[in-house]
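Each remark here refers to the structure printed beneath this line.
Labels A, B, C and D are assigned to the chains in the order they are written; within every chain, residues are numbered from 1.
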């Protein structure tokens, strides 16, 4: 897989929650969000709570540019939650930036959400039918409104909420009294806890804990509610856990290499994926080359296992951001690839193993194979450190529609022809699970079509409902 | 009164509504809002409806800078409503910009509001108690939510809404089926109707009708609902009209001189106010000088009536916007007035009648009197073309708190001493009503303390409730 | 004349110079430029000098928005010059913003310029031929470079410069040692001097002096150099004065009404222009109505002289800025005038005298006459308080090309037909001079074609040369 | 070395030049500059020439954000030059953004410059003494003015220029007739040539050639002038070549890995540097870990040579931009490192070889060693793939002042203590040259203090002269 701008899946969001008596919680949230920047670059926001009053700052942009000392200082208080939002095209709206904050009879409520509700259309319809108006097209507002219309204390409402939601959600919630971390009963998306000297931090990934000096104390378990208040952190089962279905792609692509999931360091898992791949699909070749940067650890693992030399064969332009300039046909043919350039000397005359972390649409692999050949590689063998992606994700990963997935209806041989490689191999599902050192507990629906729920029940409604409400950027 | 930046009352907003079959309604709304720019310069927005889908663009800034062909073209459809928001300091928030738009089970709903609800705290509490969450601190969201939770068709809900609201409101409302204009039963704030060849326009002032080629067809009467849909315009009484209480200050200061209220041209009323003032408080003087620009018509009337020559004695810097540069004490003493400069030749050796439209805090009058004296005026007689303002407004005009009003507890003689004039006279209440050619139908509470409702019932709650919810700009 | 956005001439710039021992000169310059905002709204800049080091801040925008305490505080020192630049379309460039600052062997040099050099193409060619490179297309850079390549001390170089320049120039110049004010030998554009307690101010208009607490001490006379340094202010004749040719349009339109030129208050002159007009072209009418705001004093004078009542008949939208939204043909026909609206009640059934300060292209007069008729005026008699403009200006006023001037080749009767008035009269040249209380000393070339120099010698070259160098905004 | 934000040298700029008959040269320049983004992120600009008229767009920001289709389309013509400017703190000014463009008697002249002139103060003084004014503090303006005041055709003037300049310069120059590439006689900074089907490209690095479809045809040799016009590309020796002194740091750090210098692929050189380092300073260790990303190829080489496993031990936050939020002392102590995070599993219990490309101030190495130890590394041996940097650079690399260089006056053992490593070794000068496969031709002054010229002759003047001229951002 070659990166966000090309053939990568997209995920929606990172979350954080902080309760730190006597300290400026928003500042801690800032550094946490900064560390979670890879989970969302479109927009960011922090809501803090200072003696019952909620303060909020949200805006499009990177964490480092949205916040400054001026606005951060307005976010007073010992409690804060925050959110990074992934870049999606078109439907962006200032109103959709999280956290969402609302005033209720029981005080202000703030929610940050990572995931995707598969029963959002149903919930949406039901709320509307019950006379609730909705100001955005986001799942998060559904969560907010379900909490608002609930009864009992916040903990009771969160329990009721969990009974209603279907799909993926890792939430941080802030009320006047407490900060909560909530994770869906299958644990699709990550959510971890850390301990400060005198406080707690909830975050999407453990890398955000270590950066702010919090020691990892465990995951919020599937179906669990973590509640942090002046009395300390308490954990309770908010909903009965279902069969664990943690997103394999967190290991394969999304998470930062220095994050741990389920006790495993992501970087180590990626190296093991590469090692397994080398065992399953060894190659008679001269060098192992990664698709940078996401394929690097896998390639290192492949090289170590196969005792082939590891080297860079492609360079990625670090500063490529969005550019609105189109190359002419002439420039396109000349190879204005913009994102990658080959390292001819490293591949010239060589038989190359090109290791990628995954292939989604397959739009990048072909050009990369061609690029390596033109740079002198005599053979290019593509090795992909996960199985073929055959089915779309409904749990918060914006991969592609089924008919856009190159492996949805093609055998490997055909994909190999399509991308022009000398050989192509994917890691097997079993091999992947061995690298994960697990036999169960993961959602592999994108590889198997075996969803943890029945997608037919939900997907149908989706298209109709969201289109009723459109708004233009700037609002 | 000397203008928005100094000693002027502030009002909140102008509204517009358009239904124009076969035409681009948002474009018409744009030109209407442009004409209503004097009613609000902080922010502006338009929501349009195109075959059931609502499009929205809102942003801080002037109408001419917020909208461009790109974003206007996204606002498709034959129906549109729009809003201009007045500049207030501090509590500004992107979320408070109108129109507010919400999705309901009966389709999208958009609302634009001019006025102030005196029972907002009660409504707020009640909505919250009924399990409705609120995302802003604005009256408009209360109106939106009361409509959402209502039952029956939109017309029925608007009727129910009107039964609940207390205070000032002129609304434009847009649903999938129709555009509505709604005015409170006392008719505090203006709302007029106009006819296009094949459509209708609702607007805060008639000047916005003529600019878009709509012919004035009448006011939306107090308590009335105007409903525009493909079948035409229908009017019905949504709430029983109460004693009419149209804001006198629309004539005195707010409205554009080319607007008509109650059949009277604002400019003509202002001239008559000046004439009456000359009858009541004639002056043995040489020239009549206005406080520009808002006092000009009154001064013209005063001069005509008293047969004294009219001339300019003060120049106002047209380009003065907000500046953040502070003069030093030295510069301040030297008279960095910034906003006004005297025309020495016109006042030197003269006995001057200085005609102002009103005095609120009295902070500008003193410096102007001093400025004229320093420029050579031998006498300065201040004449104010309305009565002393003694009481605050709770119906949408941000005048000042009672203890900031210079006339709240001072006799005229004391104010005269305070501002250093040779004499000071205010127009009497009776004189003002004669100039308005009316004996009744106006809200004069700011001159009399005689409110159309009992303020004690409402005002108490106000301070407590709004502070529960704070957010910073940028959200 | 109806205002900058319509049928008005355009001028380029206002200048200021400050030397104030022990004080923050840039702050004084700021308030002066703020007062001179009407002379240029495109861009502004201040250069200050602090113990030999020059600091500079320039940017597009209004004075109040370009400067803030942060950037103003960097403009340290007791000496400063500043500039406001008029808005012109298209050829704008950040590089053309003044003051221009350059380092020379004799220290830094800063120049701000108001006017237009008629021999710019010759000077440009000569400098280029002498091996000087030019980075902008502005006259100001020519002045800067002529000073740089000069010999002797700065005073000597300024004298040499003056011998080379032909046309209009009022300059403020700053070097390490002194601040200078320089005015061309004919005194086309204004430049005045004022005294602070312990310093001096040079400015385009006297209104800028009074605002910063400086007392007017006189004009920089044609051909004179004012030099301000720690030793005080000295005046010397830098070039022999030629026949004085002060721009009449400063009185007619450009200058602020509270400014004095040649001892006369601009506002008073404008009233006298109206009075003379009433003597020369009396009208059997009911009311006198100005084209606001620039025609107001003239209309007041006309009304006083003719003993007809003065009233407003047209309202001007104060907030009209640039808008990029085009009205449809339908809206245009409906009268989306945007800038003016009629006051029907004041003109209905009346015979109206419409007083304008001038007519340039004649594009506004017709629509205004039509607007008044549609509002009910039974007769509209247009009276213009200056003679017909028949010839273009080459001395810094961007009026129009000769073939765009409506009076360049049409008799008054034809113009009257063209604008649809019942009658049309212009003030005579003699009448205008009487109102100016002068028999000589003014440049009336735009009324007479009698230029103070031979335009044929210069104009030819102009078009060719400037086009060699184009750059886009953003640079 | 750990990256631009920490302990890295800084270089000033990348340049490009394009001549492409029948094509849009600026578009090609855009893609070239985009590829050269790593050489400068502060600002960028392109000047194009269309039938004798030069068009220019320059602004602060990244290439992808400064240019859009609108402004690019104004940059018409078959010829273009462009520039990327490095981020430096404080002295930034819009006026210093390149290319610099000036009009001369022989038509417009545009210049883009990479390098640093050591005799700039002398040239500056001389130009000033000759009556030339200077508008910026940049070397580039000196070059422009020396060309302007020159005699003969442009080629002759460039020759004369080269005779005057001392120091580092790789220039692209555009006149009406031709595009030039010019390189100083020692060839300090790179400049290469490429061939389009029907045109030519000059660029700082070969990676920019391949991206736009140009085939590399060679370097512009030291002292050479490349001239491209409708007649084709001609090369001539503009100044006698001196002893070649190509900047070693282009190989060590600056250039993109896919660039070739002197026939060597930068990435391959970096791997060889790592291999040599492993030969000279082998380590009894368990893993080889790079300081990412600049140390990666060196670490790969070290691992291959030493047959130790290569792995990542540190993760670098890709999205770290400038942030203005300061961590509290508490957060700092907790390790808010922001830029790097350790990969505990990969180093725990391991003896680690940490490979860095270079050490400048030594501010990053200590924290990284500590971070690895805290993550569980039992030993940390630092290996640096170049010699100790002992002396500052005067040829365009902003490394540091001598007293800021950690190796300027400390033996290796002391640096080792300072950074807390178990051992520390630098590559020897000989080893580095062997990796470069060269015995001569490089400037190693920063390692040896042996400058290709006598720095005493130049450095003295520098401080005095530049301070005479200061300006604030925004100009």
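Assume contacts are C-beta pairs under 8 Å (C-beta built on N, C-alpha and C of every residue); 3 or more make two chains touch, one makes a residue touch a chain.
Values in this document were obtained by computation on a predicted structure and should not be read as measured data.
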Most widely separated chain from chain C, with each centre as the mean of CA atoms: A
Chain centre separation (chain A, chain B; CA means) in Å: 49
Chain centre separation in whole Å, for chain D relative to chain B (CA means): 60
For chain A paired with chain D, centre-to-centre distance based on mean C-alpha positions, whole Å: 36
Shared-contact residues (touching 2 or more other chains) in chain B: none
All touching chain pairs, where touch follows the definition stated at the start: A-B, A-D, B-C, C-D
Residue ranges of chain D touching chain A (in the complex, touch as defined): 23-24, 27-28, 30-31, 34-35, 37-38, 41, 62-65, 67-69, 72, 207, 210-214, 256-258, 264-265, 267-268, 271, 293, 296-297, 300, 303-304, 309-312, 315, 317-328, 330-331, 333-338, 341-346
Partner chain D, residues of chain C touching it in the complex: 45, 52-59, 71, 74-75, 94-95, 100-105, 107-109, 125, 128-129, 131-135, 144-145, 148-150, 467-472, 474-475
